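Some structures are shown below for you to check.
You will see two complexes here that share subunit A, one where it goes with subunit B and one where it goes with subunit C.
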Partner chain A sequence: MGPRFKLFLPLFLFALLAIVLFRGLFLDPSEMPSALIDRPLPSFSLPALGGDRQLSREDVTGEVALLNVWATWCVSCRVEHPYLKQLADKGIPIYGLNYKDSDSAAQRWLDELGDPYRLNIADREGTLGVDLGVYGAPETYLLDANGVVRYRHVGVVDAQVWETVLEPLYRELKTGQVAP
Partner chain B sequence: MIPEIGHFALIIAFCLSLILATVPAWGAWRGNSVAMALAPSLAVGMLVFVAISFACLATAFLQDDFSVQLVASHSNSLLPPIYKFSAVWGNHEGSLLLWALILAFWTAAVAVLSPQLPLLVLSRVLSVMGAIAIGFMAFSLFTSNPFARLLPGAPADGGDLNPLLQDPGLIIHPPLLYMGYVGFSVAFAFAIAALLGGRLDASWARWSRPWTNIAWGFLSLGIMLGSWWAYYELGWGGWWFWDPVENASFMPWLAGTALIHSLAATEKRGLFKSWTVLLAIFAFSLSLLGTFLVRSGVLTSVHAFATDPARGMFILVFLAVVVGGSLTLYAFRAPAVSSRVGFDWVSRESLLLCNNVVFLVATLTVLFGTLFPLIVDAMGLGKVSVGPPYFNAVFVPLMALLVPVMGMGPVSRWKRDNVSRWRQQLLIPTAVAVLCGITLPLLHAPYNIWVALAVLLSSWLLLGLLQDFWQRLRNASSTASGVKRLTPSYWGMVIAHLGFAACVIGIVATSQYSVEHDLKMEPGDSRELAGYEFRFIEVAQVRGPNFVADEARFEVTRNGEWVANLNPQKRRYLASGSIMTEAAIDAGLFRDLYVAMGEPVGTDGAWAMRLHYKPMVRWMWLGAILMAVGAFAAAADKRYRRQRVATKASSEAVLHGA
Partner chain C sequence: MRLLCSLVAICLVLLSGRALALIETYEFSSPALEARYQQLSEELRCPKCQNQNIADSNAPIAQDLRKLLHQQLEAGASDEEILDYMVARYGEFVRYRPRFGGTTVLLWLAPVLLLLAAIGVLLATLRSRAKVADNPDASLTAAEQARLQTMLDKSERDS
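Let's turn to the complex of A and B:
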């Protein structure tokens, strides 16, 4: 290795870096995990959909559960909906966050298509959505028994996503669960 | 009409940069002094036209010309005038124009302030800077034209500036940061010129030093302002998030710190020549890389601009040309054999080498952490995010390694020192530092070992400086003459190192001692936090120029005595409807009290509130200011000007001789 050779080292490293950066241009970084991973669900006070109740953080925490962000204006949510019902039938607790939507449209949707949710938070202004860092519906957050966000999935939850990603995590949290 | 003039001025500036990059460089190659002599005027001309262009854009913003697309989407008629002005750089296109303006400013500054540089060197330096300017102005003109019109169909009012950016700190944060980023282009240009000329001697190091110091000082201030802004504007009391964009500004700072120290060794002792050139290239490349990361959309960040793959591709190609080109030049032209000048292991040189190793490792650590998600993603291994735990785990030990060396630096001698002299010099400082480290943290119960370590290291730094200072005065005939003999560059070093010590204490104390409560409070409630009583009096509705807000009124007392009234706000901006948290802070040298509003809870007027007690958080920013002051002081050293006069005299002699 001649002395001149080591002077080419920086150039070589930069070339590697440039390749990575080039690849990076064609990837979508918005599929990144939420900044809230392993942090508690933000506290909120928002009305329940189809009722006068005010919901707070305590209403949706206490056991391992899914928090699903949905809206009637979201086409993918309609695709996702039947599978959520299957999950609910299996006894998986699912809470809904009705995101930037109108209450009447959302209520009609649930009446027509069925209601997989234990409770629905009506986030008309999207304030909780902002706190959660929602990019768009649908998104699904996995909460542990202490209300800590453990995983975030952007996009439709279907059989494949559930079986390969969410269910293993869900089982793990369930078995490792300690009383809050 | 005005936007068209601005557009036209930018095109002229672009043409001037084309000439600047080629004609003087050609002149330097062929020995044509007429072509070389054009460089300074071209540089000044470029500044004039970019400035006209920038002024036109600013005018469009100040006059609410919503037919300009940029104004329509980033300003609003209700916006206070100062924010209309800062909105010019609160977006991708405008901030790019600011980049170009600052680059033109630095280029013209080099042209005007260096009449003593040999024409050959000056023309090369200015040509390199002109070439960089080509890239940025082409980027602006071809992919991100700030003057694009929305015609027909100009909206009646604009979409408003992002409320996060409507803040005094954000008015000057980008210009300062860019002064730093772009300022490294001067050191870069000097390094390239030296490589082109094949003369890597002490003189290029001496020429680059003041420029590098000034750029580094601005960068320190810019980073500090960004951190301060995040602290009070984002509403959760954090001051550094290791966010990719923060890292993008921090990496050139780290590399720049290494460069400053390495330049010292190159200037004084002719050592580390190739290494220093590489660092100069590295520091500016990291500035460019930062620009790429922020504007290409390859990483997510709260700071990222709206992105577009065409822009990403443009800047990647530009990056490849500038960095790839300069590293190729380096590979072929840098001296491959190490300098014949030797030094002992016990000497100031070896301490500076330690500094360089630590800062280089730190830079690469941050670089790796920032790019790791991208690397993993590019290899198809999934998505990961690298968080503060990684950065902290690497950074804390690195800094703990650095400070002991830093304390020895000032008292050490060039070339050869001896261990017994060090032992004798540092005995008292060490003893006192250990004493301080043990006793001072006792003032704050419970005893914290990390704070103790930080106090130990910082006081070691401080006492090392004092020891050296005393030594210098003792050797002088009288105290006054001793003080007089100290040069600005010595003062600069002392101030900057003190700033670093203050930073270390501030960071560690605030991370270890901070107390925060997230709680639900109703009007009338009182909470105690770290000995302070926070009483929530009421919530009031207030109206600002372009927002309405809920304002909580807090009264803070300590042992029954009034301390402060704190009025945090939850703002709703009218144009965009976005909600912003405005924290209220009672600032102090030894502690900050901080209240931010969360969400309303229930119907009885209760709110989620965040109360923070942050000890010594100001020391961190104060330290950064000291570092910048130190850098500016060092750049003002007469030595650089005196050397210039000398070179001028000698070059004139050569001219007259010829």
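Let's turn to the complex of A and C:
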């Protein structure tokens, strides 16, 4: 190591550290990959919201779909609700997981704001939530046709998230489903 | 009267602290289970409020995980089984002491590697210093020594 190089060593170290820290500015530490990616949706037996039917894994799997975790106590869920309705109008299958909520409040919410969901699982105790690794609402899971979790989005699904992240994956899974 | 008032005030403050600390209490069938509950709830990280363990956090998810932990301990699960259960759902992230391997290798080895690097730099510095100390003239060649001497002579003449 020449003396000249040694002279510049602190500068190099500084530059390296600056790059690492600069990158750190744009990382979101609350964004964790789900432990469930590429693993099947856990099986469950929970009541349907607004009915006395018992739902299981088979009721929400079979085609590429979104599973949206929501609750009436969750403020961001109210923000994303209109966009979910738009997606449902476009024909995207969305299943709801009503997470740690009261059935009557949830039903009122759907009556007032509209219902984008094909079905709603009433997870009053949050047991399926724990099996899914949910740590707060809203969360949205992308399921493939075999009921395998392919992606999880934590936070509000809006036009930007759908168009840049979820829709490409959704389309990919859809075409993959047709091919074989 | 004044003393009484301040005593009452102090008691109230102490009591309110106690009320806050008691989020929920669990009954354990044995003290050993309770000790393991304490230990595990301090080792498990709250997924929502990431810089707290589930013992400290009051987030709904931390409450749920404490409840689960209690249930599983009472059901006779081993520490390993409980940690596996949590990691399967929330990822390695949920442990404050993650398993060694895969993506956590760097995390575990970084302190050792940094220590070794520091020792290396220290040894190199000490050795080069020792070399200079052993032989002070060795740092200058004969020509350099001569040039230095002329410079010194010149500055002496100038002053």
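Observations on the model:
Quick note on the criterion: the second predicted complex is superposed on the first by the 148 of 180 C-alpha atoms of A that agree within 3 Å, B and C clash if a C-alpha of one lies under 4 Å from a C-alpha of the other, contacts with A are read in each partner's own complex, and residues count from 1 in each chain.
Definition applied: contacts are C-beta pairs under 8 Å (C-beta built on N, C-alpha and C of every residue); 3 or more make two chains touch, one makes a residue touch a chain.
This one's a predicted model, so the numbers in the text were calculated from it and none came from an experiment.
Of the two partner chains, subunit B is the only one that A:S56 touches; subunit C does not reach it. Using the contact criterion defined above for the overlaid structures, shared-chain residue A:S76 touches neither subunit B nor subunit C, since it reaches no partner. Touch criterion met: A:A15 reaches subunit B, while subunit C stays clear of it. Look at A:S104: by the touch rule set out above, it reaches neither subunit B nor subunit C. In the superposition on chain A, A:G24 contacts subunit B only, with no contact to subunit C.
Looking at the shared chain after the overlay, A:Q86 reaches neither subunit B nor subunit C. Within the superposed three-chain model, A:V130 lies in touch with subunit B and with subunit C [touch as defined at top]. Residues 29-30, 32-33, 130 of subunit A lie in contact with subunit B in one complex and with subunit C in the other. Of all residues in subunit B, only 274, 278, 281-282, 285, 292, 296-300, 309, 312-313, 316, 319-320, 323-324, 327-328, 330-332, 334, 336-337, 371, 373-375, 377-378, 383-385, 518, 520, 579, 598-603, 608 touch subunit A in the complex they form. Across the complex, subunit A meets subunit C through its residues 29-30, 32-36, 100, 126, 129-136. Residues of subunit A that touch subunit B in their complex: 2-4, 6-8, 10-11, 14-15, 17-18, 20-27, 29-33, 37, 42-45, 54, 56, 125, 127, 130. On the side of subunit C, the complex with subunit A involves touching residues 47-48, 50, 59-61, 64-65, 68, 87-91, 93.
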